[in-house]
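Shared chain: subunit A. Partners: subunit B in the first complex, subunit C in the second.
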Partner chain A sequence: MNISFKKPIYFLALLLLVPKPAFAMHIMEGFLPAEWAVFWWLVTLPFLIIGLKKISNLIKDHSETKLLLGLSGAFAFVLSALKIPSVTGSCSHPTGVGLGTILFGPFVMSVLGSIVLLFQSLLLAHGGLTTLGANAFSMAVAGPFIAYGVFKGAQKIGLTFTFAVFLAASLADLGTYVITSIQLALAFPSEVGGIFASFVKFASVFAITQIPLAIVEGLLSVMVMNFLVKYNVNELKLLQVLNKTQEAK
Partner chain B sequence: MLKNNAFILFITIALICIPLMFNGNAEYGGADGEAEELITELNESYKPWFSSIWEPPSGEIESLLFVLQGAAGAGFIGYFIGYMRGRNRGGNAEIPK
Partner chain C sequence: MRMLEFYAYHSPLRNIHPIEKIVFALIPLILNILFQNIYTSLFIFFIMVVITIIFGKIPVRIYWKLLLIPVTFLLSSILVILLSFTESPLEGAIFQSIIGPVVISIMKESIEKALTLFSVSLSSISCLYFLILTTTIQDVLFGLQCLKVPQVLLDLIALIYRFIFLFLDSSRTIFLAQKARLGHGSSIKTIKSIGLIISALFVKVFHEMKDLNNAVNARSLNSYMAVIARTIPFSRSRWIFIMLISILIIAFNFTVGRAG
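For the complex of A and B:
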């Protein structure tokens, strides 16, 4: 083994020896006070309405991208079903919204991500209908917008396409859990230290658990994107994901 | 380096296996219960005001539904990959619709 690998391994071992509780991404049914549940529903709805409009336009104007749309949904569907062990000794799952966001933009992915969450709350009792607004905001609104911002930003500062995809998907995954921590902290401020103290409590747990999963999500997104760059160049150009110079690489 | 999918798959599997190798005795429990605990810790008087309209009757049924979710998604992805590879066979010839 290379010597330079040693430090990270000690660090990992340290993390592993200090097991901490982790959280599923979804806020459980009934575990958000009614006023907050309504608030997050209201915040999320406009994104879903715009998203639905965008999807219907997309299918009308570029019906050749329908399969890619299906792929984006399927990817989020699979990834959010994978409960992956983390270094903290508990399981959580990736979100899978980064890939579709890079292809279709954040609004379209808001709809697809919400459908995944609806399935999980209805059939698996993961998350809930009252908390669906809040869960959809963190995973299907905030996640995609983070992915979109990171992807555009990474390209602007000249990172390679592949690395931009990786960063966008990973940070969207991580960001989703940070937003969930904020949502929980707002609803349940700590008696000592208030919202911020609560946030630190929720987030410190989320972050460590989710870091390796965020990396996994970034890698899997790159894997699928590699395939698309090879076989779906026309669609990628149509959706303006790739431009001429990138195609040449 | 990240352009090689076999390499990416290898790192992914390694990332998933590392926790199990180094911390094999951990519970790896589902996390929802822990969230409930912290909430009740922060606000002891809080009572959930709504419960799921339907819950899988057992862990077995729940895992069935999870597998179904994964399989449906993976099935579509497999179909997509096969379709695109077929479409691209022999240059970029489109399959007639």
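For the complex of A and C:
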């Protein structure tokens, strides 16, 4: 075994020994230094502004879409509130952005995802207001865009719909955590080894729960999509109409 | 979640203008993150906890319990910053342990960093708790409306909030029904059961939308405005209080905080 692989594995083993390795999936309030908190807010804002513009254009034409979007946001929140059994028993939960992106598109999902994060900090004290920019970037911007790219790409190379959904959902979930690890590593480079060593440490912690969870989320999204295709063709058609008008804008 | 809501709705500070409360929570929060000083953070933590418990009338036991949730998260993330993993022993390490080919060490700088981070995070959480234990979401939205946040965003937030509880209740009902019929038995079954819950909720989303749309159309409204404006007066004495506390924190930081 290569020595560079041993470090994360030992670290993993150590963390498994620590009772209740409950790692918050979002960066908590006050955890980021001021400059990084501001930086991630600035990076996220343009996506939110574009998303909001798209949404208001959409609402102008079809006023009922506002209701649909509101309901979809609540749907996304509940998705992220459903706990899935994971290996370590920590409170990891699916991000739900993969499924949301396939249904509603990446820009709309950016806005909805950010609102969900706002509620997670205001209703569950999970995450924070100053770190909302960073959390929104990883979960509501990077996640949906990864999902969208993967989904379209997978369909283009001729993978089946099911497999495309699986890949999109699980890679979006995994991508969210990789980005979170990068954000934490950038803010807290390790005393020894700098940013990369720190990234390995943070990513190893996430890996315990997140790799199985990403697979589970992928399977779950496939299952939901299959149910929807089977029983709710009309609703999906309505969404497709929405997507077309969105793209036309 | 319901507990936080319960205290927000029953708070004696409920009828204070939300902007005052938002500012009172945000100024210490921002100062806290800017200063990154252990003593200042502990000072802010003390102020926020005392004010939340005494003026907000939150039972100490409940506040303690609420505080324990983030603390467990915080400890595990701080462990990551505290420990260094290398192949050879480090100079100047306070603690070192060799497990196989890996040396786990704790550096003096990491301890300082971890302690600062712990206190800053904890006191930031106390600022956030002040806001969410005394202010309802409706009031936060009203405050944001006063701050000229786009109406579309506010309406979306309000709608989402309104429906979260509906969906949580439905998902809980379906979950119980599934359990009664031997769903959620094994991991695979759990995934299948959760898949069924999500797709059932999705259908509910559309039914709710149709009903709501009919309701809105029946009242011949053009759009659905979800945020309700309230008339709450500002109070000069409270603004002075907020200013005094902020000055106190800044003064503390540059005297006791720096000296410590």
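What we mean here is this: the second predicted complex is superposed on the first by the 184 of 249 C-alpha atoms of A that agree within 3 Å, B and C clash if a C-alpha of one lies under 4 Å from a C-alpha of the other, contacts with A are read in each partner's own complex, and residues count from 1 in each chain.
Everything below uses one rule, namely that a residue touches a chain if its C-beta (ideal position, glycine included) is under 8 Å from a C-beta of that chain, and two chains touch if they have at least 3 such contacts.
What you are looking at is a predicted structure, and each value in this text was computed from that prediction instead of being measured.
Chemist: Looking at A:Phe166, would you say it contacts subunit B, subunit C, both, or neither? Reply first, second, both or neither.
Modeler: In the superposition, A:Phe166 contacts subunit B only.
Chemist: On the A-aligned overlay, A:Leu69 touches which partner chain: subunit B = first, subunit C = second, or both, or neither?
Modeler: It touches subunit C, and subunit B stays clear.
Chemist: Which holds for A:Ile215: it touches subunit B only (first), subunit C only (second), both, or neither?
Modeler: first
Chemist: Name the contact category of A:Tyr231: first (subunit B only), second (subunit C only), both, or neither.
Modeler: In the superposed model, A:Tyr231 contacts both subunit B and subunit C.
Chemist: Between subunit B (first) and subunit C (second), which, if any, makes contact with A:Ile157: first, second, both or neither?
Modeler: A:Ile157 sits against neither subunit B nor subunit C.
Chemist: If we overlay the two complexes on their shared chain A, which of subunit B and subunit C does A:Val192 touch? Say first, second, both or neither.
Modeler: second
Chemist: Residues of subunit A that sit at the subunit B interface in one complex and at the subunit C interface in the other, please.
Modeler: 21-24, 28-31, 33-34, 67, 70-71, 73-75, 77-79, 81-82, 84-85, 119, 121-125, 128-130, 184, 188, 190-191, 198, 201-202, 205, 216, 219-220, 223-224, 227, 231-232
Chemist: Touching residues of subunit A toward subunit C in the complex: what are they?
Modeler: 3, 6-7, 10-11, 14-15, 18, 20-24, 28-34, 37, 52, 55-56, 59, 63-64, 66-75, 77-79, 81-82, 84-85, 99, 111-112, 115-116, 118-119, 121-125, 128-130, 184, 188, 190-193, 197-198, 201-202, 205, 216, 219-220, 223-224, 227-228, 231-232, 235, 238
Chemist: Write out the stretch or stretches of subunit C touching subunit A in their complex.
Modeler: Listed in rising order, the residues of subunit C that touch subunit A are 1, 4-5, 26, 29-30, 32-34, 36, 66, 69-70, 72-74, 76-77, 79-81, 83-87, 90, 99-102, 104, 107, 109-110, 113, 117, 120-125, 127-129, 131-132, 137, 140, 150, 152-153, 155-164, 166-168, 171, 187, 190-192, 194-199, 201-203, 205-206, 208-209, 212-213, 216, 222-224, 226.
Chemist: Which stretch or stretches of subunit A touch subunit B in the complex?
Modeler: That would be residues 12-13, 16-17, 19, 21-24, 26-31, 33-34, 67, 70-71, 73-92, 119-126, 128-130, 162-163, 166, 184, 188-191, 198, 201-202, 205, 209, 212, 215-216, 219-220, 222-224, 226-227, 230-232, 234 of subunit A.
Chemist: Applying the document's contact rule, which stretches of subunit B touch subunit A when the two form their complex?
Modeler: 2-3, 5, 8-9, 11-12, 15-16, 18-20, 22-23, 26-32, 34-39, 42-43, 46, 48-56, 62, 65-67, 69-70, 72-74, 76-77, 80-81, 83-85, 87-88, 92
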